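As written, the chains take the letters A, B, C, D and E, and residue 1 is the first residue of each chain.
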Amino acid sequence: MAAAGLLLFLLPLAGLIIRAPWGQVGPALVAPETMTALGLSLFCSVTATVVALVLGIPLAVVLARTHGTLRSLLRALTTLPMVLPPVVGGVALLLAFGRRGLIGAPLYQAFGIQIAFTTAAAVIAETFVAMPFLVIAVEGGLRSMDHRYEEAARALGAGSWRVFARVTLPLLRPAIFSGAVLCWARALGEFGATITFAGNLPGRTQTMPLAVYVANETHPEGAIALSLILLAVSLAILIGMRDRWLGSL
Amino acid sequence: MAGIALSLHASIRVQRNGFALDVDLEVGAGETVAVLGPNGAGKTTLLRALAGLVPIDGRVELDGEVLDDSAAGRHVLTEHRRVGLVFQDHALFPHMTVLDNVAFGLRRDSSRIAREWLDRAGLADKAHAMPRELSGGQAQRVALLRTLATEPRLLLLDEPLSALDVTIRAEVRRELSRQLSGFQGVRILVTHDPLEAMALADRLVVLEQGKVVQTGSPAEVTARPRSRFVADLAGVNLLRGRGRGRHVELEGGAMLTAAEAGEGDVFAVIHPRAVALFLAKPEGTPRNVWRGRAEDLDLQGERVRVRLSGTVPLVAEVTPSAVRELHLDSGAEVWVAVKATEISVYRA
Amino acid sequence: GGGVGTSGPCALMSCGGPPSNITVFAAASLQPAFDKIAVRVKSQYYLATTFNYAGTQTLTTQLIQGAQADVFASADTVHMTTVQNGGLVGGDTRVFAHNKLEIAVERGNPKRIRSLADLARSGLVVVLADPSVPAGKYAQEALANAHVTVHPASLEPQVTGVLSKVAFGEADAGIVYVSDIVTSGKVDGIAIPDTQNVIADYSIARLNSAWNRAGADEFFAYVLSSQGQAILSGAGFDTV
Amino acid sequence: MAAAGLLLFLLPLAGLIIRAPWGQVGPALVAPETMTALGLSLFCSVTATVVALVLGIPLAVVLARTHGTLRSLLRALTTLPMVLPPVVGGVALLLAFGRRGLIGAPLYQAFGIQIAFTTAAAVIAETFVAMPFLVIAVEGGLRSMDHRYEEAARALGAGSWRVFARVTLPLLRPAIFSGAVLCWARALGEFGATITFAGNLPGRTQTMPLAVYVANETHPEGAIALSLILLAVSLAILIGMRDRWLGSL
Amino acid sequence: MAGIALSLHASIRVQRNGFALDVDLEVGAGETVAVLGPNGAGKTTLLRALAGLVPIDGRVELDGEVLDDSAAGRHVLTEHRRVGLVFQDHALFPHMTVLDNVAFGLRRDSSRIAREWLDRAGLADKAHAMPRELSGGQAQRVALLRTLATEPRLLLLDEPLSALDVTIRAEVRRELSRQLSGFQGVRILVTHDPLEAMALADRLVVLEQGKVVQTGSPAEVTARPRSRFVADLAGVNLLRGRGRGRHVELEGGAMLTAAEAGEGDVFAVIHPRAVALFLAKPEGTPRNVWRGRAEDLDLQGERVRVRLSGTVPLVAEVTPSAVRELHLDSGAEVWVAVKATEISVYRA
């Protein structure tokens, strides 16, 4: 069963690697645009993950502490960006943060700040799409946590904040780690919302998936070559993440 | 800390499906109270309620400060109560070293102070071990240290010594009793060990099914048990019946003759040592003589406890040589005799 | 342009001094031709070009939502009209290229497909573009002109989808633009007679929001110039 | 912080709702194509989730039981489909399961079976993209689990299978639930790999995100209307999932 | 099950950073062995190794079946060993009711049998409770039932009674001893309670720092303790020194006169009751007289244990009336006397 599961992942990846236009990987690798897009991708996905951690963990805590219908509602709202077709996600972001958007418009009129079509927009788009993964994973971790430790900490005089930072958070590390990996990977692969909300501007908002998209329009082989580079980098990063980061208990 | 007199006034009601706790408790400054009671009596619940971890109906006041008052809607959070609660199952933080666990509750100089506590407890070599690398007893001691180090003004100990070995237990008990007499806080201790309760507590509170059934000094409580549980704790035989002059009519129907019995519902206590066993019906002074059957024998140190069934079920304590002489064995039929003067009777 | 992460009116180009940079929102299928044009424009006019390639519809949405750009090149005239009606066009709109349809088949044409009528053969896996995108709409028209009914296995919302299905051997045939076949180089094209064929019009315009009108006009002019037209022709487009 | 996080989700959704072409929702709702696409979406995403559960939980167990480099490698391989730009994900699937693909070719030649363009292909594409979310979430849960219970079960004579079914799995319920929600939501929103691998045929492979994309090409308002319907249905389903399913311990 | 003689031969080595277990153990069919030892001695590790939960170097053979043989690379999985392990911290499945927990290890008719066990234990009303709704003692009893119900051929109990109340503890001990004598399996029990060990075990094995330091029947072990721990367990004073004729030269330098002492390294045991205390230096028969200081006093039942420091640190056991007469209090200076005949000396 596990093997079948693994096969489902491995076969397509094997297909990619076997049929890969290896001749194109070299040129793609040295092309400056590739490095620009790759760097931008890493920058945006990591920033999005950090933002998601900062905003998402408190949100998960709130979710885990509320009960009943309110919790279901909040959790459902949090999950929606995952369901939203990516293009519409981008449109929704434009409607909120675009120059004509709900808060984009006042922002533009008051300070002349435009969010859309900037690197910040790419980060926002990726955060919007990827953060739910973090929130849901962390909330799952919170729910299965043994709360005796938090009680013990409180009995030792630790206030909410100290309990959270010194006990809850460390005990939650595996869940946060999974969540962050999920979030980062999702952000790295993000395409639809980014192209709609942030545009496809090389060096500013053209992340790897967008570069792949553009390449695919003209020579699909180049697109595959680009993807392989993205895959290799992701693989290296994922393998590089040591188990000790996981703090498996 | 010294010089400040702390005292606890608590009136606690907790309602849980199928279980209700209803306890009024007063503990004076510097007093140690041992809470005893059968499994499931509500001892842990009581401690958790005092710590503020269980919502209650009622009022808790520690040294004049109201910690809980359901009528006034007041509830001081656990972390602001300065209570120290040692859990029945230690609950050491699994992700911290032993040292960090002990240092956790300390504000200043935490690491140095924690190390001192560990040194004193002879656990210095485990300072950098993780809790999962400790044995059960080591974990329990660390949990105790962790709480004692915070110098709480209300110390709540839930079976703190149950997993300790004999040597350490005696030491920790001594250490604890030194600690306890050292500061003026209020101490409440849950234990199943009568010796521990006697050694550490000024007063016993016996809880059964969520209610206080008896309270008093160890000597008072064990001299006049008011329940099967306390009788077992004191290691004596407890019988219940109706007093009629010098006789007690037991619930089973048998008659007991005592020095004085009074009238109405009474308890009768017989020390196992006062129960004599014979092969033939004894002639002489003992006024209470029945037939009995030795159900089982239990060697306890230099004494053998014999559980007897028959007209009046009792436990007798005899010497191993008596066992040999009487050819006592499970199932043996014997005569049981108790002198009237060895039976103490008091109102139920 | 501005640094990464900056925002505001200057974000899309350098401010101060004579602007030497334009932003072009262009249909993704124009990429091969426009990338070449950008190189020429840069060397001849010292004008740097930043492209935002995406589907025409996406570009339209972005423009309507207030995106700033100098030039808009659409793969059809319908979306250009939408943008124009939104008051966003700052000058002429001009059709600058035509594109014809062709049948894309696998290399060597193993299924021996010669005409639109062959696409109705049973057992043949045919892929078309979705009628909601121009290529699909035109394909429907062409098939209607040829009085052929096909049952496509898929209605691809992107022309590249049709191409890749055929290129990977997943589909036996599809209907795409000539320019797609030329740039792809991985499929063979079977011509469709002009009587059945449908012509797509690509149109271009300078936008109201342009910060570099001169640059935009230069780019506009270059696309319509003979050099620009030659490049487009090399990419498989019919010139105007 | 939690509020800021929630705002990031709520603002774009609010934008969608406020600017929504409510007039279009009615007609879209009654259009038979909408219902077809919605039904197909639900069918495919649920099937994909079930497949992911069946294949992914064992895979997560294997992941959690291996150690060192092998584990990092396996985990990284499992995560890759999340990183793969959606279009390339589809291409990879074509290379594996397509008519010329690694196992697609023998399948086609031997039995004349073509997977692409079928509903099965849509399910495979969604599973491929969404299963990693389940695997990573479940693995996180396994890592933070207390293994004493499994030891106790073994000491009571329960073999590996019984231990797994009666102890590990129930204790893992919160993690599995989070993972399944993530997986389902991701599958429901899947677009790129599906369109590339399965194509877009109403009634067979045109799921809601594809329908939205297509609609967006001609009248964006209709696309938003469709998205709102999808959102409403997802919301209803997510809220409908009772907390008791979570089996919070 | 009856009629099949089971016996255990184990030779177990476990190496962990900073701790090594090295135990050879033979347990006969139907024998109950109590493993005693200080906290961290390796008792739990030993049980876990026997259960197959800890990889070992060495060999474990149960009733002729080799369960572990590191030389031959053989390792029978825990689930195939038919061992019953009751954990120190119960480890009830948190997601199952009490009934399901007890039924878990049963093959057929599991629910009915489980209910019978619960009924017999008086826990029927908790059958549908979840473990988190149990008190500590209730959980421990359920864990015990859960394992006993599977009728294992090797029963491993890790402090099974420590959280039980006195009444229940006596009952469970009786029930357990009935159970234990009922089938022919091998029983190994870890406990810190000397009474429990004496009551349930045929043989004691004392573990210290991973090694067996003493083994034998309860009477043998307590009569001749070979370590501080065992002496504490037996409640006696243990001294170590060199025998010279009728004298023992203690490690501290003091001299002890005994009835017979032998030569070479010896242990000397003195029962606390044999230690007499005086205000003035006693004249008369006692050959061993020193000055001492009462460090602390501990009331235990009807006796007071006085810990003495001085030339020879000892514990004396006296009556409460003696305490009053001597005006004993912490810090009091006394004379300590022990008769030579009360000192038993044996080779170390």
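Quick note on the criterion: a residue touches a chain if its C-beta (ideal position, glycine included) is under 8 Å from a C-beta of that chain, and two chains touch if they have at least 3 such contacts.
Just so we're clear, the structure is a prediction, and the values are computed from it rather than from any experiment.
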Smallest number of contact steps required from chain A to reach chain E: 2
As a test of whether you follow the contact definition, which chain pair has the most C-beta contact pairs? A-D
Roughly how far is chain C from chain E, going centre to centre by Cα mean, in whole Å? 87
CA centre of chain B versus CA centre of chain D: separation in Å? 57
Can you list every residue of chain D that touches 2 or more other chains, as numbers and ranges? 91, 94-95, 171, 173, 213, 216, 220, 249
Where in chain C do residues touch two or more other chains at once? 61, 164
Where in chain E do residues touch two or more of the other chains? 89
Between which chains is there touch? A-B, A-C, A-D, B-E, C-D, D-E
In the complex, the residues of chain B that touch chain E are 18, 36-41, 43-44, 88-89, 125, 134-138, 141, 158-159, 162-170, 174, 177, 192, 194-195, 198-199, 228-229, 232-233, 235, 296, 298-301, 307
Residues of chain A that touch chain D when the two form their complex: 1-2, 4-6, 8-16, 18-19, 54-56, 58-59, 61-62, 67-69, 71-89, 91-97, 101-103, 124, 127-128, 131-133, 135-137, 139-141, 143-144, 146, 171, 174-175, 177-179, 181-182, 185-186, 188-189, 191-192, 208-209, 212-213, 216, 220, 223-224, 227, 230-231, 234-235, 238-239, 241-243, 246, 248-249
Under the touch definition given earlier, write down the residues of chain A that touch chain B in their complex. 148-149, 151-160, 163, 166-167, 170-171, 173, 247, 249
Which residues of chain E touch chain D once you look at their complex with the stated criterion? 51, 53, 77-80, 82-85, 87, 89, 91-96, 104-105, 146-147, 150
Per the touch rule above, chain D residues touching chain C in the complex are 91, 94-95, 98-100, 114, 116-117, 195-196, 198-202, 205-206, 210, 213-218, 220
